[in-house]
Each structure stands twice: as C-alpha cells, then as structure tokens.
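I've put the structures underneath this note.
Shared between the two complexes below is subunit A, which pairs with subunit B and subunit C, respectively.
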Partner chain A sequence: MMRRISPNHDRLQSLSGTWRDINGMPSLMSIPGDEQTAAHLGIADLSFLTRFGVKGAGAAAWLESRDLEVPDRPNTWRSLPDGGIIARLGLTEFLIEDSLHSSFALRLAEACQHVPDRVYPVLRQDAAIVLCGTAIPDLLQQTCSVHFQSFSLNDHPVILTLIVGVSVTIIPIAPDRYRIWCDGTFGAYLWETLATIVQELGGGVVGADRLI
Partner chain B sequence: MKLMTCPVNGARSISEFVCAGEVRPIPDPNTTNDLAWGAFVFHCNGAAGIKQEWWCHTPSDTWFIAERNTQTDEILRTYLWGEVA
Partner chain C sequence: MNQRRLPPISGEWIDRSRPIQFTFEGTRFTGYAGDTIASALWASGQQILGRSFKYHRPRGILSLANHDVNSLMQSGQRLNVRADVTPLDDGMTLSAINTFGGVMGDRASAIELFSPFLPVGFYYKAFNSKRLFPMWERLIRNLTGLGQVDFSTPHIRTAKRYDFCDLLVVGAGVSGLSAALSVADLGADVVIVDENAKAGGSGHYQLGNEPFRVEKTNELLNAIENHPKIRLYTQTQASGYYADGWIPLLDHDRLTKMRAKAVIAANGAYEQPAVFRNNDLPGVILSSAVQRLIYRYAVKPMNRAVVLVANADGYRTVLDLISNGVTIAAVVDLRDSLNSDVARSLDQQNIPIFLGYCVYEARANPGRDGISAAVICPIDANGNPQTGFKQTIACDGIVMSVGWAPAANLLYQAGTKMRFDKGLQQFVPDQLPSGVFACGRVNGVFEFEQKLIDGRRSGLEAAAYLGLGERIQVTISPERESPSHPWAIVEHPKGKNFVDFDEDLQYKDFPNAVQEGFDNIELLKRYTTVGMGASQGKHSNMNALRILARITGKTPGEVGTTTSRPFFHPVPLSHLAGRGFTPERRTPLHSRHAALNAKFMLAGIWKRPEYYAQLGKTRDECIALEAQAVRHQVGIIDVGTLGKFEIRGADAAEFLERVYAGRYRNMKVGTTRYALMLDETGVTIDDGIIARLGAEQFYFTTTTSGATPIYRELSRLNTMWQLDCGIVNLTGARSAINLAGRYARDVLSKLTDLDLSSVAFPYLAVREARIQGISVVLMRVGFVGEWGYEIHVAAEYASALWDLLLKAGLEYDIRPFGVEAQRLLRLEKGHLIIGQDTDGLTTPLEAGLKWAVKMDKPFFIGQRSLQVLAKRPIKQTLIGFMLDPNFQGTPPQECHLMIARDQIVGRVTSVAFSPSLSRHIGLAYMRPELAEIGDPISIRLSDGTIVSAIITSTPFYDPDQLRQREDVTQREEVTV
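The block that comes next holds the complex of A and B.
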C-alpha cells in the first residue's frame, strides 16, 4: 500500500501516545488521559481515512449508478452503509469519505478511470480534523463567523466557510462532534491555530480511537 | 459584520466573498477586432449606480451575480447565472 503522511503529522509526532498505521498512514490513536480531554474539548486528526471527490453535472447520476444514495439537497450529507459519509458540496460536487470498515472511496477511484461526460474526479488530499466536547462553540466563536447553533442537525447540514481564514468544509455530526476538512496544504496552519486555542480553552489533542 | 447572501450557501460574512467586476457581454474573440477587445479588457464603467456584478463565495467556489448599488454599497439581491435576472 502507498505510504501516506498526514498534513498534520509534524504537529503530532512529538506527542507521546499510541500510533498505528491505518490506510498506509501513521496515525495517533490514543494519548494517556485523553478521555477527560475529549469530553471537554478535543481535537484529533482523521486524515488517515480514505476519501474521494467528484464534481460535474453528471456526478450525482454517476454516483447513483454505482449504488450510492446521494444527498438530494445542496450542502447536506448522509451516512454511507458501514459508517462513512457522502456530502453534497454545493450543487454538483460530492465528497465521499470511508469509515474504517468501508471502501467506497477506493472503489470509486478505480471506477473513475473511465467516467462518462460531465463527471470530473477531484483529488482529495485533505487535512481531516474532528473536534469533540462540550466546549466546541467556544472554539468556533473565536475562529469562524458562522452561527452554528442556527442549524438543525436533523437537516444534516454541510457548511462551507472560513475558519481562521482557511476554506473549510464542516459537518456538525452531533452537538459535541464536528468534522472539518481543508486542503492539505493549509492543514498544518489550521491544526496549529486550532490546537493552540483548544489548549487555551482547557482542552487538548486526543487520539483518533475515541472518535472513530 | 456585513453579510452577503450566497444563492447556494446562504448568508455569510462579506469576508468570504470576492468581487470580480461588472457583468458585461464578452465580444466573440474569434470575430472581434483588437480595438473592441482592448475596450472590453481595459475600459470598465466606473460610474456609481446599480450594477450586476460577478461575485464568488471563495470557500465553496460558488460564482453568482449580485445586484449592488455601488454608491451606497447596498446589496439588492443575489442569484445564480442562468436564473431569472
């Protein structure tokens, strides 16, 4: 399997914890004492999950022809069988991210070698972050201008906005769990800035084991 | 905080948007002459008033048109290209 390195790897490797290779990427799975941290405010790196992007006027129909149920409204998401996510970004773009137990992204990437007209694969080399804990609103109020409490989680909203000036895709999975994706080249900056504020708010880095 | 409404993403801080200038018909580059092409590229209408402008919501790369009073900076409405103006 191809060796992958998280965009956040440099910021994480000095932390003492349990590491494991997942999908070819060294991943921080647990840190001593991170259970308490996760309940208050935690930040974890999930870049090791596999993902796939596709856009174009024919993208929705192509995904449906691959037995995927796509969200019917712009900027919404739904769960994949076995726990992954399919998010509709705007009108005609989709992000598919696998869980540890699914392989949609890999299968779609293979199928994408021969796609019909108006279907365009999108390279996804994201920094993927998850925030957890009850103090998430305190963090987001400092870093983002979106009023997240105005969204109903039952609508499965996907929010494309800026956090500390970086373009991000955000999915509030639950009131105490937010997923964030950004272009990998901005990953280290976004991670460092968020992790610094998380620490100021009494939280810290947590391992991925608690959140997947 | 000044807000603008993206037709796809909803109301967001104006800092998430960039303006790409007034909507103007582009001359056919295959048939136009240099004078007309130069006028299209370099001569913009700077008079204040109500204008249709190209704007982009940068986090989602959504391009749309905003009708804006450039004298008062009031955004009158926003819509996607192809929607009824």
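The block that comes next holds the complex of A and C.
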C-alpha cells in the first residue's frame, strides 16, 4: 500500500508519464521525450529514496561502528557501497541517502532506537531534487549566489546555501548533475520556482528513471 | 531624409543595408540598423530632440554618451528612453516627454518668460508658505513629470543573475582592453564590461587623422575576442560598487550581481561643456559627441562649425571635422598659446584660430532649432570676457572641447581617496582600496600611447594582487598639456549660460546660492539641485565645483566633491525589482486543504487554511459552523506549522529547565506540560508543550512564528552551555494534526489499538503509538477546549493519516476547521496567543501566566528580571470581557482602546462573537486597579463610538474543564 507522499507530489501528478511505487511512494519515472530534456536542462523528484540523518559529537564514530565509511572532512560526501550517498553536513551532522539498491538508511533508522550518548537521530523528510543537463549553470546563476565553478568535483563538495531563498544542501555529482535537498515544507515553493525558470531556459520536468 | 548622412566610413556601426522606419512626434523618419534614435534623427535634420525640464527650451544632442537627459523619449509603453544611446528599432513610435503640445511648439516654453521669478532655491522658497503650499504643489505636479505611465503595461519579471570573475575591468576603451589582456595572459578569468554597443572606446572615434589609433584598438579587440580567459559584455553598465567586489551589472535584460576578486576602473571621463549664453541650443555639441556622430553613425554634425577648444582633443576634433567635409569657421582657444603639435599643424592650414578667446554667446537661428552664429571675444587673465572686442561668426554648430571630469563614481564608492591634480585640472585617485585599480582617463592619463601603458600597468598590479606574477614598476609619462581648462565659464548679463542642463541652472544661480549662505558643496547641491537630475551631475558637478571654488577663494580640491552613491546611473525599476524570491512553506496537507475549498492565509511564511468555504455561506458563517462542529461533533485541523523539536541527552531536562520558565525535571515519562519561554528581560516570547518521551528524551513544540528564531537561539545556548544534549529541529519533518471534539476519541479508536481511556491515556499525557501502521506521537491536549489529540507524524505519512481520520470520522460528521475557528475556540477557552495577546513588553505577571513560572528554580532565562519586576506593581493585566448578549451594532476590534474617565486604561487584544455563548467575548489589557470581575468597561471604536462591556473571568467556556473528563477522570495536574 502506497502511503508515503513526496513533498513535490502535487506538482507532478498532473504530468502524464510513467509512475511507479518506490519505497511506498508514487514516483514519476519517465515522461515522453524527457531524454532530450534531460540532456539540456531537467528537474526530477527523487524524494522517494530513503534517507536517514544523524548528528552529535558521537555520530561519526557511531556510523563507523555500523560499517559505514564517513567523509573525513566537513561539507564533503562519499558514495555508499551499493550507490547512495553519505554527506557530512558540517562537523558532526550526516545525511545518508540510499540508492534503489541499498538500505543503509532503513537499517540505521532501526538501529537508532538505542543509540549511544551524543548521537541524535534526525528525521529526514526532505524534498529531494536532481537537476540534470548542460544548462545547469544558467539555472544556478539565476537562483543561487554560490560560485559553483570554483569547486572541484573531485573534492566531493557539499554546499549548504540558499536557492531562491530556500535553505538547501547541494551536491554537484557531475557537471551535468546536481542533487538538491531541502526541508519538505519548502519543497513546493522550491520546485515551482525552479521548474518555472527551467522552463524559461528551455528545459522541463523529467522522470527519475534515467537519473538513478 | 538622410540629408546629413556621410558616405560610408570604415568601422561605422550602422548597417546601410537595413533601413529602419520610425516616427518621432508623428513624423516618419528613416534610419539604419545600428543607429541610435538621436543619430538617426540628427542624420535626418531633426535637431530638436526634446525640451528642457524647467524652461522647456529646445535641446538637441549634447554628449551622445548616455547622459543626454533632455532627449528622453517615450516609446509606446516604455518611459524615458535615452535617445542618445538607445538603438533604433523598426516601427518605433517616439515622442518627446515633458512637452505641452509637442516638441516643436511646446507651449510650456512660455515659462522662460517668467524665469526672473524662478530664482535659485525656488522650491524651498515656494514651499515655505503653508498657505501657498497646496497651490504650488498642484502647479508643480501638473507641470513636471517625465513621461506618461500606461497602467496596462505588462509586469515584466526581469530575471537577476549572479556571475563571478577574478578581475572585472570596467570600460572597454584602450586602457581597459590593455589591462584585461595583461591579466588574462597570466591566467586570470577576466570580464570586461562596457556600456557602449561596441568595445574600443575613444580608440575608434578620437582620431585626429591618425589611423594608427583605430588599428591599435582593433588589434586589442582581436586579441580579446580570441582570448579564452576573457568575457566581454557590451551594452552593460557597472552601475555601482558594493563591499567585497560586488558590482551590479546592468544590461537591457537584467541585473547581474558580479562578484569580482579585483576590479580595474577604466571608466574614462565625462566631457564637460563650456558655460556661455545659449550653450544649450541644438547644435552646441561636445567634441566627443561630434566624433561619435561621425565615426559611429556616419552623420555630419554640422556644415560650418566654430570649435571652442582648450586641449589637444579639441584640435583632433577639428581635423576629424575637416576630413569629413565640415567647414571650420573658427577655432576659439581659451588658452593664449598653441600648446600641441596637432594645434600647430592646423595653424599652417589657414584655419582661423583665436587664442585667448571665448565663445561669449550662441545665437539661435530664426526657427530656434539650431544656431546661426557664435559671438566670440577675448578673455582676460582671470577668464573674464572682454566684450568690447566681440566678433560674430556665422555657423550652424559650436563644438566644445574644454575639459573632462573623471568617471570616478565606482572608485569613490569603493572608498578611493581622490586628490585634485592642478596640472591636469582633474581629480585623480590618490589612495586606492585593496583590490581596486584604475587606469586611463579616470586615472588622469589621456594620451593614447600612455593609456595603453597605463592599462598594462594596472593589469599587472591587479595580477600581482591576484597572486599571478610579480609587481612590476611601469612608468607613465606626464601629460604634455592639460586636458581640462580651469575656467571655461563665461558670465553674461542676460544669463541662460547653463551649468546644469538637467535642471536648467544658470551661472548666476550659483553666486546667488552662495550669497544666501549655501557655500558648501553639499549644501549648494541640495539648494540649487545641481547634479540632482537624471544625469546625476556628470556634466555639471565639475563646473559647479569650480564656480564655488572661485567664489569662496578655494581650490577645487579644497571644495571637494559630493558623495557618490550607488547606483550612479538611473536603473530601470523592472531591473531592480526583478523576479522576486519570497519563499513560502506549505504543510504536507496543503493539497488536501485545497481539495476541501480552503481559503488560505499567510501565517508568517506558512500558508494555512483560514477557513473552508462552503457554497452559499459567508466567511463568518463558515467559521462559525466549523467552531460548532468542534463543540458538538468532531473537528480536525492541520497544526503542522507549530515548531517541533526533540532534545536528547543526559542534560536534556536541565537544558529545558534553563530555557523555559516552568519545571520539567520532575515530569514523568508519558506526560506533557505547558512551557513558557521568556527573554532576558522577562518578556514572554513563546509558548508550547513539552512531552517527555524517555528519561533523556523530550519532544516539544513552539509557536508557528517562533520555530525558526527559537531553534537558532536554543542552538546558540546549547553551544554556549556545553550541556550533554542535542536538539533536533523537526518542524518540517513532522506534520501535526489536531483531532478535537466530543467524538474525537471515537474516531481515533477506530484506527488504533492504543487504549484511549482516560485512565490509560489521561489529559496532558503523551503516547507513542501506531495508527493503521503509521508511527505517531499522540498528545492529549485541550487548546480548543474539547477532548482532543494532537497527532504528530512523519511528514510523508501526513496525507495518509489525514485521509484515514476523515474517513473514520465520516459517521461523526467530522469537519476540518481552519485558523479562524481555532482562534475563536481558544478564545472561548480563554487561552492566549503569544504575539496577539502579548506584545514585546508583556511579562507573565501581566498576562496571567504566573502559574507557569517556577520562580524557585535555580535559574531560567528571564528569572532575574522577573525577580525585579515582581517587586513593582504591574501596569496592566489581561482580563476577559463580554458584551451584552443583545448587543447590536459594530463590535469592538483588536487594538481598540478601553476608556475610563476620558483616559486610556487598556486595549483589546482578542475579540470575537462566540456561537457557544451567543455573545461577543474578548481579552484585553487593563490597569489592574480597574480590572475587577463584573465591573463595566467602555471600549472606544475607531469612529469614536463607545461600547460597553463587562469584565469577566476566564475561561468563558467550560471553566470547570468538564470537557476533559469522563466517568473516571485522572487529571495530570501541572504544578507550579
């Protein structure tokens, strides 16, 4: 039974495309013609991926004790073994997001029923977005004051900043693929604003299929 | 119609294969693509392009450099189009602004007859009389204003953009280009901006028959064009300088926020007009404008010219005029000797040169759309005209080349200290701030070769600043002659020798202003309004400064300049406003509310249902029905906007004890308690519920508006106190639904196995449970005065939970209720809302919240202040009041005042009609000595009407809390 609803669901449900239940959430997987769109500038919803957050002085050690290799520097990220991401948000906070093939977040959520001192689980209910395409810089130039080109992707940067006035976490996975997370209650505004500018720039909404 | 168009000129900007039709003031004209409006009109012989602001005198081209504010035009819905720089567009329908009856026969030009009655400081003098103020206001409003606003103009949401570079070079003249190349060659990411349509600056038009200037400029441009590290933005203006290299760049489409690590100002200089009688007539033109007309637009500026010069640029202009078929009637040099080679070469061509002469006045032609002659005369050593030796020289144009003022606005804004160089007769940078550099004319370097070297010098300095290469000493040769004359100003008994063309200020206005005491440059500016027009003093400030210096016996350096503030050039409001980013928050249930016809309101930045509209019912009826549903059946409301936090750790209770006024250490697991937060001064700033979920785990709520600032403050305190606990903000991650009413328990019991009896789950208890498999936190609360549950759930499950509750409640006529019904219900219950029933000065002692404050605790924020305040009598206390049940008429509103013996003794904070009590009820602050239960009070409405009410105890509704009881009641007392 599908129970989870994405913060971006209302913006997507009117689009005709292929939907699938992923992790109990109805998810837009493809839209006719979105291959070309994705190459130029696309925006897709990945909120269906499972996520876990933890913070506190003991968080890094606790994650390592759960066989997770944590990023050793603040504001960087690493890939999880079966895909997915572990991002270090500042000194002592972490975001773990599974791929379709991993389940770290769920396992950690279960494990955190009994956590050691100074480990504080963080419920993550993000609106999770991916931008794709070669025109991402044009979109970001209109919406964010960060100079993304100054980052080396080899350093695996995690950027905590504002986009269209909304606090976001951004990971440039590749020059043509940026992941964005924000508080789900800002999701509708962020999505609508970005999607409008994406459309002005000749892009559009794409399904998640070709991006995961 | 192109009677003044010259044969094709190498490098001209116009495309003769693309003629463009347009109209100006109803007359059809033809120009070419690449023309500006002004160049096309001038080419067609149309010399009157606009009217002056005050006297409505005819005006034509002056600078052709984006400063000709007397030729602002209206193009359809577009206001104040700058004709001197705006590219011509097919089908343009143009008209001059600020005219009465058209630009050629402007009736308002009669104002000039009254000019003796319009002295300097006219506005101040006119408005000095209160009695006459309305008359002057009406008159001036009717006469002034630039353009006609069409209110149907579409709202253009101009996008803004961020951009970044290592070095921003402002100005694409030869010095700027040279600077950019020298830095880019060392690997820096360089951006060049120039307000002109094409780069190259004066290298393409200040030629003086020296083609190498064009060749060298083109060499630079080719190198720039092919350079991978250089971006060149033309038709883009760097319009201000803010801290840390933040430069707003304006182009036709947008405002770009450029962040540059270093900036080179190669802005150049503004050519300055000479001041003589009728120096504003169409046909009196700056020499650089003449050269631009010729070399950019292939337009012959005039047929027979008198050229007033005081520098080498003027003589180069003479050569350019001659080579393009203009007869030079005379060269009038303010100086008494030929200083430059180019001047001496002219002397050999039998061009009449008058040394030590001035233009005394220009004479208008019979049609007053141009000039017929220049009257010249010698000047003495002090620059005074020797009018006994006047000569009249027939001409149809007077060219002025007497000096420059540095375009140093960005440098000033960046914090540059400037000094006045007497030799150059110009302000030049003395101390540049870190990361800011200058070259070219703005730096006092005018000669072509020297500008190239100066550009390279500044580039290498900037590169060294950026860590690219070593700082190299480059020597710049001093100017061979001064580019500016110290006194190109000629008095005339009949005046009309204009200093400021924007505001029609004449020479005599300045001595008069000084005589009236305005002898400081900042005062003079404000009194005369010099430099306050649309060109912002680019052509007038320097002359005004020189006049003030001469009158007060100071040097221009001692007089100083006025403050330059961003933006230094007018910016379209559409660009400033741009696309707005105003984030709003929506709860996960937003679409559910919309489907139920919710009327949304903003609560802070949240969108919340104010009420749910019903067909055929008014807003008030809908709200009343929602409230009644809660009282008689069951209601459901989205309270997900509340701040929601979790705190864990051994010191979690200690932390809460410190930040809240109550006691929480002794709470049992599974209980909740009201929590009141104060600031250091003892003022009530927030409230909420604290629930103990474990020995070292609490879950607590704040008000909707308090969530963000309180999380910030709690994080700060946690860092400062270093207690063993961590706070997690769950405001967005958790949704919350309040199920309230007689049948709330019945509805919930259909969905959960949890024992909901009041024994197992009493009032003010908290339980973690599952509702149809969804994990929730349940709190038994009574904010609206009914049996109720606040259900907290992960945001992604909120919609599913809402649907389940609505479905389960169908048989009980469950109804969603909005913010307004909730406000009404809590008012009936006498519960206050922080921020509505308190303000920025309200203490718990005044708000009736003393019971929630535990003064015997060792410490909490605000405690010390409360201890002090407790020793003083309170000034106000929160009371309840009721109106008579039979009251008819306009009820009081929030903020209406309580009156006793004609004195203000209090104010209303909440008021509403209670359907349950069938009368108006409210909360108000009153002087304590007047707050006796049962006493009558008077409330004054906005229209002065007095309404009577009775002071009443609260709660108004269910004072004995019977709604929270059943057969067996176990009430969790909040002890304080």
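Everything that follows uses one rule, which is that the second predicted complex is superposed on the first by the 210 of 212 C-alpha atoms of A that agree within 3 Å, B and C clash if a C-alpha of one lies under 4 Å from a C-alpha of the other, contacts with A are read in each partner's own complex, and residues count from 1 in each chain.
Here is the rule we go by: a residue touches a chain if its C-beta (ideal position, glycine included) is under 8 Å from a C-beta of that chain, and two chains touch if they have at least 3 such contacts.
Just so we're clear, the structure is a prediction, and the values are computed from it rather than from any experiment.
After the superposition on A, what does A:124 contact: first (subunit B), second (subunit C), both or neither?
So A:124 only meets subunit C here.
Counting residues of subunit A in contact, which comes out ahead: subunit B or subunit C?
C
Go through the superposed model and pick first if A:18 touches only subunit B, second if only subunit C, both, or neither.
In the superposition, A:18 touches no partner, neither subunit B nor subunit C.
Given the touch rule stated above, what does A:189 touch, subunit B (first), subunit C (second), both, or neither?
In the superposed model, A:189 contacts subunit C only, not subunit B.
Thinking of the overlay built on chain A, is A:65 touched by subunit B (first), by subunit C (second), by both, or by neither?
neither
Based on the superposed arrangement, let me know which partner A:90 touches: subunit B (first), subunit C (second), both, or neither?
first
Applying the touch criterion given at the start, work out whether A:10 contacts subunit B, subunit C, both or neither, answering first, second, both or neither.
So A:10 only meets subunit C here.
Would you check which partner chain A:79 touches, where first means subunit B only, second means subunit C only, and both and neither mean what they say?
Neither subunit B nor subunit C is touched by A:79.
Taking the superposition on A as described, I'd like to know which of subunit B and subunit C A:145 touches: first, second, both or neither.
Both partners.
Just which bits of subunit A does subunit B share with subunit C as contact spots?
Subunit A residues touching both partners: 145.
Applying the document's contact rule, which stretches of subunit C touch subunit A when the two form their complex?
159-164, 257, 259, 579, 581-588, 590-591, 606, 640, 646, 648-650, 724, 726-728, 730-734, 773-774, 794-800
Which residues, counting only subunit A, touch subunit B once they are in their complex?
That would be residues 74-75, 89-91, 145-146, 159-162, 167-169 of subunit A.
What does subunit A use to touch subunit C in their complex?
It comes out as residues 3-7, 9-10, 25, 47, 55-56, 117-118, 120-125, 140-145, 147, 149-150, 164-166, 183-186, 188-190, 193, 197, 200.
Which residues of subunit B touch subunit A in the complex?
Result: residues 1, 8-9, 12-13, 15-16, 57-62 of subunit B touch subunit A.
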